[in-house]
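Labels A, B, C and D are assigned to the chains in the order they are written; within every chain, residues are numbered from 1.
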């Protein structure tokens, strides 16, 4: 049994993780911490039957766990990660604190990095791409919700140098849980329901440097993304519509074949056949990343459509997948493939 | 032209009223005040094109208006009403401050009444029932959103003494705008969407004394309501399902006839024929109160179903209807019948 | 491994069952049949990765299964049940065909019963109440979605003869999946979304005789239900608000204690403490039945609120729970408790 | 009073038009026809109080109307248009039958044109661009729902030859009413709710030739659109996110100024200031087209975001706006500006 601690257990990612760990046949929840709800029971925070105590993060018995998940905000995660590693446990951080390899870029988008000495050790937790490093890692930086789908869709094409042009357009649409559990005008039901809106467009969202870092690593040249996140009037799921120019000598079936070849045997990658397009219904409540593509009607241009559940493959599901990898467990344990 | 001021213009009722007054052919908006947004433009608060200034309530030029609407919270409304009347204007209060005729009952549900000397003067603004008094009133207490539908449904039967038993069960379902524009865990999109819940059940909601006061006035005996409000995962509308025992010598068609007779010529009362049931789609985005009834399958018991748009007939629409009555205008002006 | 066949695998209950069986550690799916989609693959019908063949019901290899689930319409199920039993397998019928013990009542609400000789053998599959009979049964009649919650809420009080009066009012609200997968004006998105409506009110819904049969069996006197089903603009979940008069010498805590005592050790019954009310968020995507109650504000009257996921505890989840019981498996296998 | 007939009055566009005409101070509804519901009353088709007869299209008293609106499907509209014009009335066609100027292109996307001799006479009814021709027209081809927003957004930039590159990417998201009132698997509530999906991607949607025709006319070179329509889980509204390369010597403020200059005095064009983005909440339930733009973070590239209500500015509202123009009425009559 893997002994697990969860920091930030009362955000949406924390809730998904608590549920998943409690149902996981080879894991045991040792503690769940919450700054806002310390001292309360879990069932008083979410509509669930879990009569779990919530402790203050300072009181976390780190010496009793094999791994700690950090569902805490950026800035708060990094020092916690240090504590966890010093206590001898492994650490899976769901915040942005260890995703960016360059502390100067981190500083530009967030603030001065609180624990820069750990950045080099962290492995970017996109399981299908970095599985071997994750298996050896002490510290995993779980990917952002928006990057996960586009990176998995584009990786095979970048690695083969099929992508033409520097810019890739990613038009993404996310459910509201991506905005977090804290009430605000942005998440008020009446402001979201029956509406649809874009925000942080262009290259202004914090997931842009994360995507550009990774996309630039997979191939031989730097990449920029023009990124438009939108807010869907639903609770969960991210669908990304990606506009990309590819080597015009490759046709749709060859591109699909390349996806199949790259992801052969992957339990959480679902590649749709020609003529079908990924929808949120394919991905929600599972840990799958669903990939589809179609010709754009102009030679060499393609539309890739990818769907994930932002709380699972885009957060807690992938984090648990990484835990399974790190502890040599079957990768699908506790997850819906 | 009726010159209009709106206090509390940036809540949901205020927004509906601003839109309606700006489209009203015989009314002119003189000022809109907001405690939270004073100094800003209206179009910066709501997604609309209105380049209106929002002023602090203290700066309201009351001497320039014929009528002021109070879309302010209970407790804040009563002193404002006093200011408005002293300035010589009429006042339509959308809060609960003047709905309850007995200051002791007000005190039990809210707190000590701030301006008890005005209570007697206030007319309860259920237009179809109190039209004549409203036409003469200086101060109108606009009804609560939940009471409006059930009171209109039950009034004809109570007046004829057809209702048997002391208790009436009202199972009501409201859209989220009824909970107000302030962000809270209760109104967070993710907590409401795809869920459905009851709150303040039994006789614990503040609209219970308002309903009991009115129901007890329409007939010859006191009435109690067993009231269960529920929160629907939609923005607007209230549907009330009412369980009532009626004089068993009256059948469905006779009851419908009594409704038709009572509400003959009413532009905002829509009575559905036998076999049809009111839905929110009948009422939303209109000022209509839609009435329907069906036998309960047990002798003498009936199910009444009534629908309104909580922001219109349940708040700002009825307030405007009252203004039209108070100023001798055509009652449907600025409203959807 | 329990070998399983599913008839009617492409309705909503069928889809949930396919997913659950494929994830069940001790069950194996032998066949899935569909009249409408025979010859196609499962993944072409629903957005899922299951590359399963769908066969015509006539071609079902009944000799290879231990149990068959019938997710087929009433009328079609009964003859299939006969075939299944004759082939030596057990049968769990999710239709209404074997729920009513009196063929005359069945005939009044449906039509002449096609296989009346099997009615007596069928066990009503409300697991918590009939577990022992289910364990021995060849043929289980899985309860309707609406009856499940109210029956579980009322059973302890009826058995103790605490319920006063003949009628019980059940105001129920269901997600749209309860209306089935077939497109119709009733299930068109635009007609449902942002609306809310009642249908088949009073004692006219087909689940009324089922509820009245069961409620009358649990205590010492016959019961009638006044039942108002409503359609919620969401996909899944049923919340029932029940108005009942109880022995006035029992208070809220004693009633809660009786629930706890009756359902001690039940993995799928969640009883909320005093002051909390069941919501759909408690029950959806689980096999739980969530129970809560509150005083109605009038002596001896109570409001019981119960929530289930209509596709799980209200259909396929309970069917699987019954399968676990029938085959001596751990009752929670393949289900979310 | 303009005397109005409506063909196809029981689709969604027809319903909006019926409501708008009944509230229009200078128009009178003479007839409403419906193939599916002929012989019924309007209030039996939609949840409204309109006790209007629905007649068969063959029985339409064309000699009594000044204008007929065709809310009928493509193919059915063209012969009706001929009948209307022959009877001496004007005609506003909401179908695709007269939008494409080249009958060969019409034939490729639809079928052989049934009344090609009328194509030349038809004026494309994008009011802000073709107002003068509309004022003189006997036959107006009302624009498609998807083209309206992007054409209005791009027109000023194309006319000034600011657009670089042949292709323009339009990522559009529409509410379900755009799919029509006929029940289908695509519009079943459970299939749409909580999901999000693309369809007819690339250059395969029938609105592509309409957009390319118009975009190519506004400037000096032909244009292609890469178009991805998506289905939003809401009833109404279209938000289009447009990716375009513009003359890099123009900055955001200059582009906004050009919009303001082009659309000065337009009652239905709302241009958002720098930093704000159009949302569906800006446009729904109004006849406005809301325009906004932001830099894409790459020199010379911009993201334009435009919102309309697909049933109003994208269909019936614009049709009524055109009627007002054709009959010399105030352009905003009967519409929400």
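Here is the rule we go by: a residue touches a chain if its C-beta (ideal position, glycine included) is under 8 Å from a C-beta of that chain, and two chains touch if they have at least 3 such contacts.
In this text the structure is predicted, and so the values were computed from the model without any measurement.
Student: According to the touch definition, list the chains common to the neighbour sets of chain C and chain D.
Tutor: Both-contact set = A, B.
Student: Which chain lies the greatest distance away from chain B when centres are computed from Cα atoms alone?
Tutor: Greatest centre separation from chain B goes to chain A.
Student: Averaged over CA atoms, how far is the centre of chain A from the centre of chain B? Could you give it in whole Å?
Tutor: The computed centroid separation for chain A versus chain B comes out at 46 Å.
Student: Take the average of all CA coordinates in chain A, do the same for chain D, and state the distance between these two points in whole angstrom.
Tutor: Comparing mean C-alpha positions, chain D is 39 Å from chain A.
Student: For chain A and chain C, let me know how many angstrom lie between their CA-based centres, rounded off.
Tutor: Each chain's C-alpha centroid was found; their separation is 37 Å.
Student: Would you please write down the residue numbers of chain A that are in contact with two or more other chains?
Tutor: 47, 194-195, 233-235, 279, 281
Student: Residue numbers of chain C touching chain B in their complex, please.
Tutor: Within the complex, chain C contacts chain B at residues 167, 169, 171, 173, 191, 194-199, 201-204, 208, 224, 226, 228, 230, 232-237, 239, 241, 243, 277-281, 284, 294-298, 301, 303, 305.
Student: Which stretch or stretches of chain C touch chain A in the complex?
Tutor: Residues in contact with chain A: 23, 47-49, 194, 270, 279, 281-282, 285, 288, 336-337.
Student: Residues of chain A touching chain B in their complex?
Tutor: Listed in rising order, the residues are 12, 47, 176-177, 181, 183-185, 187-190, 192-195, 233-235.
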